[in-house]
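One chain, subunit A, appears in both complexes that follow, with subunit B as partner in the first and subunit C in the second.
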Partner chain A sequence: MTVSKAFWKIALKNIGTIITYTVILIMFGTMNISSGSTTTSYEAKKPSIVIFNHDEKVGVTKNFIEYLEKNAKIKDGYEDDDRLKDALFYDDVMLVIEIPENFHQDIALGKNPEIKTRSSAGYAAELAKVVVNRYLTVAQAYAAINLSEEDLASKIDGALETSTKVDVNSEVDTSKYSKPTRYFSFANYTILACVITIICLIMSSFNRLEIRKRNLVSRIELKKMNLILLRNCCIYALAAWVFYVLLGFIVLGFDTIWNLHGLLYAANALVFTACATTIAYLISRIVFNSGAINGIMNVVALGSSFLCGAFVPAEYLPESVLAIAHIMPSYYYIDANNKIMEMQNTSFETVWPILLNMIIVFCFCVLFVIVANIISKKKQKIA
Partner chain B sequence: MKEMKNVIEVKHLTKSYKSNKAVDDLSFEVKEGEILGLLGPNGSGKTTTMNCILALLKFDDGKIKIFGEEMSPDAYETKAKIGVVFQEVAVFDELTVYGNIDYFCGLYIEDKATRAQYVEDALKLVGLEDNKSQYPKQLSGGLLRRLNIACGIAHKPKLIFLDEPTVAVDPQSRNNILEGIKKLRDDGATIVYTTHYMEEVEILCDRVIILDHGKIIASGTNDELKALAKIEEKVTIEVADLTPNQLSGFEKIKNVSEVEYDSGVLKVVYNKGKNNLSDMIEYLKTNKIAYNKIFAERPTLNDVFLELTGKELRD
Partner chain C sequence: MFWHNYKYAFRTLIRNKALVFWTLVFPFILAILFNMAFARLHDYDVFEAFNVAVVDDQAYKDDKVFSEAFKTLSEGDDRLFNTQYVDKEKAEELLGNEEIEGYVYIADGEPRVKIKANGSNQTVLTTATEQISQSTKMVKDIATTEIIRQAGQEVDVEAIYQNAVKIVSEAEPNVKDESRVMNMIVIEFYTLIAMACMQGAMLSSDMMNRCLPNISNRGKRVAVAPTRKSVMVTSYLLAGYTMLFLSVILLIVFMRFVLGVEFGANLGLIIALAATGSLTATMMGMFLSIILKTNDAAKNVIILIVTMVGCLFAGMFGGMKNFFDEALPFVNKISPVGQITDGFYALFYYEDMARFMVNVASLLAIAAVFFVLSIRSLRRTRYDSI
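Coming up: the complex of A and B.
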């Protein structure tokens, strides 16, 4: 009881640090999930075209102009060449086309009439050229089979109207989980920072040589005291996890993560929080200086967050960096979050890779505890 | 007279750090209710001996019994009766004065009401009643030392180890600490007090063990130890000018073994005899030697140490 009371009193003395990291999570976590929203729908953008028609508006020429009106934004009032140049420079107009005289006849005869064009420098000009070339290519293909101008126009229309229907064979809209994924992946930093800093600061107080000597000469068994401290560390870490998951519900919305995906995110974060606790336990066995704790925490939390894709998605990281990241539990935690996002349905095949990552993180926990105990035993041999 | 029980029995204790013997075949006992002083210069093995007794250090050879039980790291029943005040201040910076004493007392006393009373008693003993809501960083060095003591003795142990508790402490706090220790002894505690301040040992301790290079070089009561000194009395006289003839005259006085004159201060050492001071005053009058101050002092433990080892305690 006395030890627990002292533990929580020391934790309360560090409340400023806890609040700081919580604010960091809320601020950056919220910014992170709102800044990188995924585009889920696309709207076709029509290029602006100016047409100078030197032919009669009949037959194929009429059909061509109607096609351009449908697939591009036709702009008028650019008879003044200087004005037209300005419009091209400022991307108000992407393409200027000049339909030559006898265009409709030449097309029908299978000739290749030259269409003069001027374009702006942007990608939209290329799009406009594609629109124009598409018509001309189809028109020339049908002209080769000697059709009347009327039939030719009709055939061209038919060919150009043909479109491909694409069905997306996906049962789950994965983009729905991009925000929770970013939130929980960013928590890699906050969980590590909050858990390591506070646990190490508290443990460094108990591990100070003078205090340790006093505890060692007391009637409390060393093993019992270590268990009390470990239990309180776990309670603190659990409280941190509960807080971040609840914060997730608030920030992301209850509906977004109140489902199997949300449960998996929370479970993954719980395993990772346990791992963060063991990392803190290990560090507290090595470092007793409270001044050094902040430095080590920054190296561990920031380093693993950058290397494992908590801040920058893993697909943008070089392979060499990702290879290094494999030796860190954060990599498997963040990878599991990505796998949860991509999970299409609930089956052993889809859930197993996620569970496997959690098992790997848990193995890291065991490894850290073993190393911490070896160090602890070596340090106990004061004499 | 009733024979006092041994609270601590140390037999042939030996502890080495590589080739350096920190404690060399040490044997002694501490009787119930006494204050035993472990006196010695820095590095003489006092703290190492204490850490071995408390099972904080493994030792190479020997046996240690406390309250008749062999001491070991898991002798928790024995540990329950022990209080320790380490040389370094061992308190939590994050807890208040009251919180610190309550924590360390709580390691021994589970009952809340008893503990609260004990904490108040400890605060009173060291004179920190007005500072109980302060944090250690807000205390002066002397008050911090008092807090250190309160944390070690709050649970009212039967055996108390105090390792140089007055190092770097102001005179007021030192007096307060020494008075507190006497009070603990009066309340029935047995105390082992390590220090290199001979004055403290002379004021406090019933028995003294003088250590040097991990060995006991002398032990006994203050008087027994002082009896080991060859000198009987030292007379110090402030005298402005002395001719070589006058100086050699002092050496011829009866029982004088040594004369030293430096910067207007004359030190005359008698190796035996009574009424040495009055004889000296008489001599000064007869020879018309003017003087400002004159006083006599008995040999100190430092003199004993000097005679036994050829060096000062604080060297």
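Coming up: the complex of A and C.
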């Protein structure tokens, strides 16, 4: 009882740490910056465009602006050039287009007026250019056959109405799982940080020389005390898992993940929390200095989160980084989350890769416990 | 006495492993992790030809205009697609295995696209397919208009069609691109330097704790020493500042020459900004150390929180600086992290120095405020007898 009391007293003293990492999880784990989306119907991407129109809004110019309004998101309020430059740099605006004076007349006369553009560096900017060039190419072609401005605008509209039927080969709208995947993948950092910090701090307190001496001369057997500590570590880790899964369900909405997908996310997180506990156990066998624990925790949690795709989606990571990531349990945890998101039905083929990742994470647990025990025995011998 | 204190304070700082880790080692580790994680993020945003398939059945072969045009888009160095010509089953299999972004087939005389997920590549595939259909439609439309115009005359239909094809294929917009291509990821590294600067406030906080009788035993000892308090404080702060400035410069050198992060060409101004940022951090550390009547660890946690919140607003963790600048414009103006990040950004992205000068002036003003407030709290301090 005394050991358990001391354990929870130290845990409560560090409640600030848990709150900090929880706030970070809510802020970044629920941010909508998923890498891709899958819905059951096709939706064209719409780039953000700023238009500076130096011409009258009539004829082809009016038609051109209406076309852009239909095919892109038009942004206003960028008269300040510094603000515009910043927006281009940060990809908030993908393309700036300047329609010159007399644009509508020059097009109708078959001239090819110069359009000035500025774009951001991203892929979306290339899409924006495709949208703009498409209109201008059509206008240029029809202008060559001497039409009136009215006929020209109508012909352009007719040509641009051409559309291709797109079928989406997806039975389930998996885009609704991009947020839960982001949340549970980001939880890699939070679970590691909360579990490692608290368990290691508690273990280091019990490992302090004077406390160890005091415990050794107490009535309680060392083996029994270690078992009580281990049991409390597991209860703490389990409580952390319950808290983060419940928080996830609340933040993401029960409607979204109160289903098999949600159950798999929770099960995957449970296996990973167990793994984080064994990592904490291993670190506490190696490091006794409480000052060093924060540093080690940050290196382990941030390192695995950056390299395994918790912060930046794995598809954006270089091959070499992903190759290194294979030696970390976080990689398999995050990969399982991605596979849960893509799961279209509940067949063995779709569920097995997820289970396989969980089994690999569990194998890491066993490995960490074995290594920790070997180190622990060696340290005992030295003592 | 000043230089004697300075020397020993500097040596004490170097031997403090926790401080060395947070101010020197940790930013280096983060820089390496950033570099590994973000290496492909910008390249990923640059267009590259992607894999698609075409169902090469009789309907596709019969539609000569479409098949020829699609073939053109799949050839050469500036091609859009890496195209595989397969049957429908194989195309489905490739799509199911995510080996292609989508496939094109002809049904009822019209080209159709099948994809697995929405995305930029899928939009490009659909737009390109639409443009081919559109060009075909335009050729017919232009030719028909010409034929109608020439009604009653002798009409050379073939020549009219050839002319229409020429008009459509030669139509090219006159677009002048005035863009400056910049890598947005550099902001992550700039915020990291700002973070390293501000975490350095721990150094001056640690140094000030040694001068405060109500915080440490060493402070009591220092308070009764015959050396003037101003000499003690300035020598300790200068030692903290020196260590911080050197660690920030080391970090910049590492980022520039090992990781290849771009900072612009003006080395002198980069060093000046690092020096100003370090000064502001030193003053902030001094101020927090004086006003917070608590232990070292708690002060360091507060410095860490202030720094990380500043980093969030300045664009670390997803480059959201512009979003926060639009939503809460005053935050980055009064945040030292925001001003340091913006200073590096101004040096890299802006041609004129006005914005950079505002950043440096703001940092100096913030440092001056911390300094004045600290001195007001520090001078003429008397402790009651207990």
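By our rule, the second predicted complex is superposed on the first by the 246 of 383 C-alpha atoms of A that agree within 3 Å, B and C clash if a C-alpha of one lies under 4 Å from a C-alpha of the other, contacts with A are read in each partner's own complex, and residues count from 1 in each chain.
Heads up, the rule we're going with is that a residue touches a chain if its C-beta (ideal position, glycine included) is under 8 Å from a C-beta of that chain, and two chains touch if they have at least 3 such contacts.
None of the values given here were measured: they were computed from a predicted structure.
A simple residue count on subunit A separates subunit B from subunit C, and the partner touching more is C.
Shared-chain residue A:A124: touches subunit C; no touch with subunit B. Using the contact criterion defined above for the overlaid structures, shared-chain residue A:V242 touches neither subunit B nor subunit C, since it reaches no partner. Using the contact criterion defined above for the overlaid structures, shared-chain residue A:I250 touches neither subunit B nor subunit C, since it reaches no partner. By the touch criterion defined above, A:N133 lies against subunit C but remains apart from subunit B after alignment on the C-alpha atoms of chain A.
When the two structures are aligned on the shared chain, A:T2 is found in touch with subunit B, with no touch to subunit C. Across the interface of their complex, subunit A is touched by residues 15, 54-59, 73-74, 76-77, 79-80, 82, 84, 86, 88-95, 99, 102-104, 106-108, 110, 151-152 of subunit B. Per the touch definition, subunit A reaches subunit B in the complex via residues 1-3, 5-6, 9-10, 13-14, 205, 208-211, 213-222, 381-383. The part of subunit A that touches subunit C in the complex is made up of residues 16, 20, 27-28, 31, 33, 36-39, 42-45, 82, 85-92, 112-127, 129-134, 136-138, 140-142, 144-145, 147, 155, 158-160, 162-170, 174-175, 291-292, 295, 298-299, 302-303, 306-307, 311-312, 315-318, 321. Contact residues of subunit C toward subunit A in the complex are 17-18, 21-22, 25-26, 29-30, 33-34, 36-42, 44-47, 92, 95-96, 110-120, 122-124, 126-127, 129-131, 133-134, 137-138, 141-142, 145-146, 167-168, 171-184, 187, 301, 305, 312, 317-319, 321-323, 325, 345, 349-350, 355.
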